[in-house]
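Below you'll find the structures, each written out as structure tokens.
After this come two complexes, each holding chain A, first together with chain B and then together with chain C.
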Partner chain A sequence: MNRRDFIKTITAFGISSAAVYGGLNHIGTQAALMEKNSAAQQAKRWGMVIDVSKFQNAEDIKRVAAACHRYHNVPDIDDPAHEIKWIWQEDFEHTFAELESEYLSETIKQLDFPVLCNHCDNPPCVRVCPTQATFKQEDGIVTMDYHRCIGCRFCMAACPFGARSFNFVDPRPFIDEVNPELATRTIGVVEKCNFCAERLAQGLDPVCVEASHGGIIFGDLEDPASPVRKVLNENFFIRRKVELGTGPGIYYVIKGGKAGA
Partner chain B sequence: MLEKALYGSKRYYAWLGFLMIIILAGLAAWFKQYDYGLGITGMSRDVSWGLYISQFTFMVGVAASAVMVAIPFYLHDHKVFGKIVILGEFLAVAAVIVCMLFIFVDLGQPARFLNLILHPSPNSVMFWDMCVLTGYLLLNFIIGWTVLGAEKKGFPAPGWVKTLTYIAIPWAISIHTVTAFLYAGLPGRYYWLTAIMAARFLSSAFAAGPALLIIVCLILRKFTSFKTSTDAIQSLAKIVTYAMIINVFFVLLEVFTAFYSNIPGHMAAIKYLFVGLDGYNNLVPFMWTAAILAFSGITLLLIPHMRQNEKILTFALIAVFIASWLDKGIGLVLGGFVPNAFGRVTEYIPSVTEIIIILGIYAVGLLLLTVLYKVVIGVREYSIDYDH
Partner chain C sequence: MYNSKKIITGIIIFIFIIIAPFLLNIGKADVLPELSLDTPAIDQMADKHCVEAAEFMRAEHPRLLDDWRDQAVREGNTIYISTSGEEYEMSLENSCIKCHSNREQFCDACHTYTAVQPYCWDCHDAAKGAGTAK
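Up next, the complex of A and B:
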């Protein structure tokens, strides 16, 4: 190598490393900005109360699910074997199978329940994930890194709430209109509700909360003054499969608040 | 030593060629699956693991069963197993590789499998399963290859191999225990949520694995110069007998606990498997076949003059092997997903592509086993000539 080539190489190396460093620095600053976003909603433990009385027209849950699925680029796959669901409708008998009774009133039997990920205190899905692609945030949200998921589906076997869906086929052709703000998923990864963590970071409420017309109350379970705690104080509530010890974060109020029922 | 596998009879080449064709068909089917996604299989949102994972589970048992030859030989100096202990070790090698392939084809994102190592997660049983299986593969390969190499040269095996053989014994127990923990620690899957899961796994493994090994020994005796002694075969057959009795006993313990306690969650999967649930009964014929084969296999094995007749013995061993396979390679995994988290039943029927991939993986296992055993036989034949 002569002197000229040497200088050229050194200069090229210098410029490229400066560019890489600058790029990394830029990413670092962006991350810091997101952390410090003063508008972001924060909580010690996010939780949700679902006032079932507000979901008694067939359209109520459909509207909420459609809004959620549109926002999160959830594909609309008709086949029940391959469908992807973040929030959907179930009846009492299947949502609370262990509370089934032959003397259950027809009213209760015919109630519609929105079901979704319970963002458990002790999530079995997080425990079993072999790559930490599913993890729990400090604010209680159980969320996923879709780029790390290897698609082993151990989390689906572990989840007692059937909250997880797997992309058995390429989801993209099944998305009518892509929301460019958020990613779509690739084939072969698991996905589920993330309590709209990206909206909370912008200071917004989850999509389902907004679309529910007051049927879903969202807030910090550890804050006694939060809207969720107020509703829980005033009403009897049930949660799914508490006997399994996962500590589900979705609370169902059947009779509704003072304004409900 | 591998050169021993390069020369063989026409029948040997034809067998390898036949396996290669199945492997290529499996590979082609896997490419199709890689392109389309796991939607090409019979798995679904409700039955999210199917035959891939159940074959993996069954084959971990076959791998672990090498210990049923190793314990009598290494710990109790049961000399009749001296010639076949290496067959057990190489069977374990082939079985572990088959297991790893089953996990690999089950992944939705196989290209990311290194994430298991890049992001090690000690909280996940799958991480530990990967560790123990890799370790077990290395142990058995190193032990088998070194002992055979020493035998070829007419020297005793080096002393450190002895240490490895002692390590391999509890290690074999660990691979199947950890595999049972994949299932036994999941809340809400009542068919799997049982403290005797690991014990059941080990007992069925110690029945099915040695049963397979005896069948292989009988095949080798018929077609090759490798003649396993009748003593060794009868000894192993007794191990199969007791392991299978314990296995059936454990299954009956599960039935008692579920039905005497009368807890719906614990009864549901057993009902689904043996009588059907909510009108779904795809697996009922398989499970009753398993039950009948298990009891007839045990009966034939228990009666000494039946067991000593090699034709009847072969039938009994095949019965035990198929019964264990139906119970663990089909019923165990599929039963765990019934009913689903909402109390509904979804059934699973594997697709043709899925079955071709499974056959391809088993063909890889048989190919490995053939090559490894060919090396063993080659070395032994040579040393026989040498002695003369």
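Up next, the complex of A and C:
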């Protein structure tokens, strides 16, 4: 066999095997359509405004967190080394550490803040994820495909907001009442707030927004007419750790506070 | 050949041990898994059918579920339009298990028979607890 024939044979073999492989790969699959729910809420960039003045009773944040955790089958584990949090309460020092000043009023320092995943514009957790289990949707939601999470916890190290929790133990025994419409997580995966992407797909608002009695405003940050933009237009707001450049999507409005702070 | 008696006896015993599973099962009919479609939701259906044809589902349900997962989680597409034009929500909880609520007589029956251990139940169908096939 001369060189020319050899190359011809090899090429023919390569092409035919690719065809066979492609054929085998598609045996049995049917052409089907998959589309969005026509009722789904859509946005260019989902964001949230939290009116801190509406969260100054101890019960306010607990109520919202409980509603979220109940809906998403988040386990209630007392051990702080194992606990799982999607939305929780934090004090001023831990929420806005960089704003600390010796002359800051005590009323501000004593405020409580509900904190959750900031669904950053430039999420460090997505950048470090080796399996692309964590990814950013087109609408700005940073979410996870738990099937792909290998539990390396790089994302937990990368997230400057501590918004991610790792399932060190099987979460199921710690869920009082399972929401049968959603799955739980399993031992060995990281989990976090997903802005209720599955509810938005059905046209509903996130659970925390519904449970907040108006304390959390949700909407499209890129739409000037959206409720979030209206609130942001009318109030001074702060975001957590803006200097890190992750572009957090949760805006805090202090408003009246306890004593008109 | 030295020690031929011992060696040949040993070889025969070895062969018998190796083929023992086949010898023990000679003549026994293979018990095929029986799938039960007897659940309240299915019983109520006038025209009993899955999202696609039964043969397709039997062969391709893992791939279908993988496609559903990728579409729902990654693309935000939650509605599946079947080849017959019907719309279904792409959700294991809210579509599959609503009908096939008898996991042990349906899912596990074949999975145990074919000795596959999918990890669906580690997270899904939480109300019934984790899988038993492990």
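To be clear about the criterion, the second predicted complex is superposed on the first by the 220 of 261 C-alpha atoms of A that agree within 3 Å, B and C clash if a C-alpha of one lies under 4 Å from a C-alpha of the other, contacts with A are read in each partner's own complex, and residues count from 1 in each chain.
One rule holds for everything that comes next: contacts are C-beta pairs under 8 Å (C-beta built on N, C-alpha and C of every residue); 3 or more make two chains touch, one makes a residue touch a chain.
Everything numeric in this text was worked out from a predicted model, so none of it was measured.
Engineer: Classify the contacts of A:D76 with the two partner chains as first (chain B alone), second (chain C alone), both, or neither.
Structural biologist: neither
Engineer: Contacts for A:F168 in the overlay, against chain B (first) and chain C (second): which applies, first, second, both or neither?
Structural biologist: In the superposition, A:F168 touches chain B alone.
Engineer: Which holds for A:D223: it touches chain B only (first), chain C only (second), both, or neither?
Structural biologist: A:D223 contacts neither chain B nor chain C.
Engineer: Classify the contacts of A:M156 with the two partner chains as first (chain B alone), second (chain C alone), both, or neither.
Structural biologist: The answer is first: A:M156 touches chain B but not chain C.
Engineer: Identify the partner contact of A:T143: answer first if only chain B is touched, second if only chain C is, both if each is, neither if none is.
Structural biologist: In the superposition, A:T143 contacts chain C only.
Engineer: Considering only touches as defined above, state whether A:A201 meets chain B (first), chain C (second), both or neither.
Structural biologist: second
Engineer: Among the partners chain B and chain C, which is in contact with a greater number of residues of chain A?
Structural biologist: Per-residue touch count on chain A favours B.
Engineer: Using the touch definition from the top, say if A:E181 reaches chain B (first), chain C (second), both or neither.
Structural biologist: second
Engineer: Once the complexes are superposed, what residues of chain A are shared between the chain B interface and the chain C interface?
Structural biologist: 186
Engineer: Would you tell me which residues of chain B are touching chain A in their complex?
Structural biologist: On the chain B side, the touching residues are 36-39, 43-46, 48-49, 103, 106-110, 112-113, 115-116, 118-119, 121, 123-127, 130, 182-183, 186-189, 336-337, 340-344, 346.
Engineer: Considering the complex alone, what residue numbers of chain A touch chain C?
Structural biologist: Touching chain C from chain A are residues 28-37, 40, 73, 135, 137-139, 143, 145-147, 172, 175, 178, 180-186, 197-198, 201-202.
Engineer: Help me check something: in the complex, which residues belonging to chain C touch chain A?
Structural biologist: Spelled out, the residues of chain C in touch with chain A are 52, 56, 59-60, 63, 67-69, 71-83, 89-94, 119, 122-127, 129-130.
Engineer: Can you list the residues on chain A that touch chain B in the complex?
Structural biologist: Going through chain A, the ones touching chain B are 80-83, 90, 93-95, 97, 124, 126-133, 148-154, 156-163, 165-170, 186-190, 241, 244-246.
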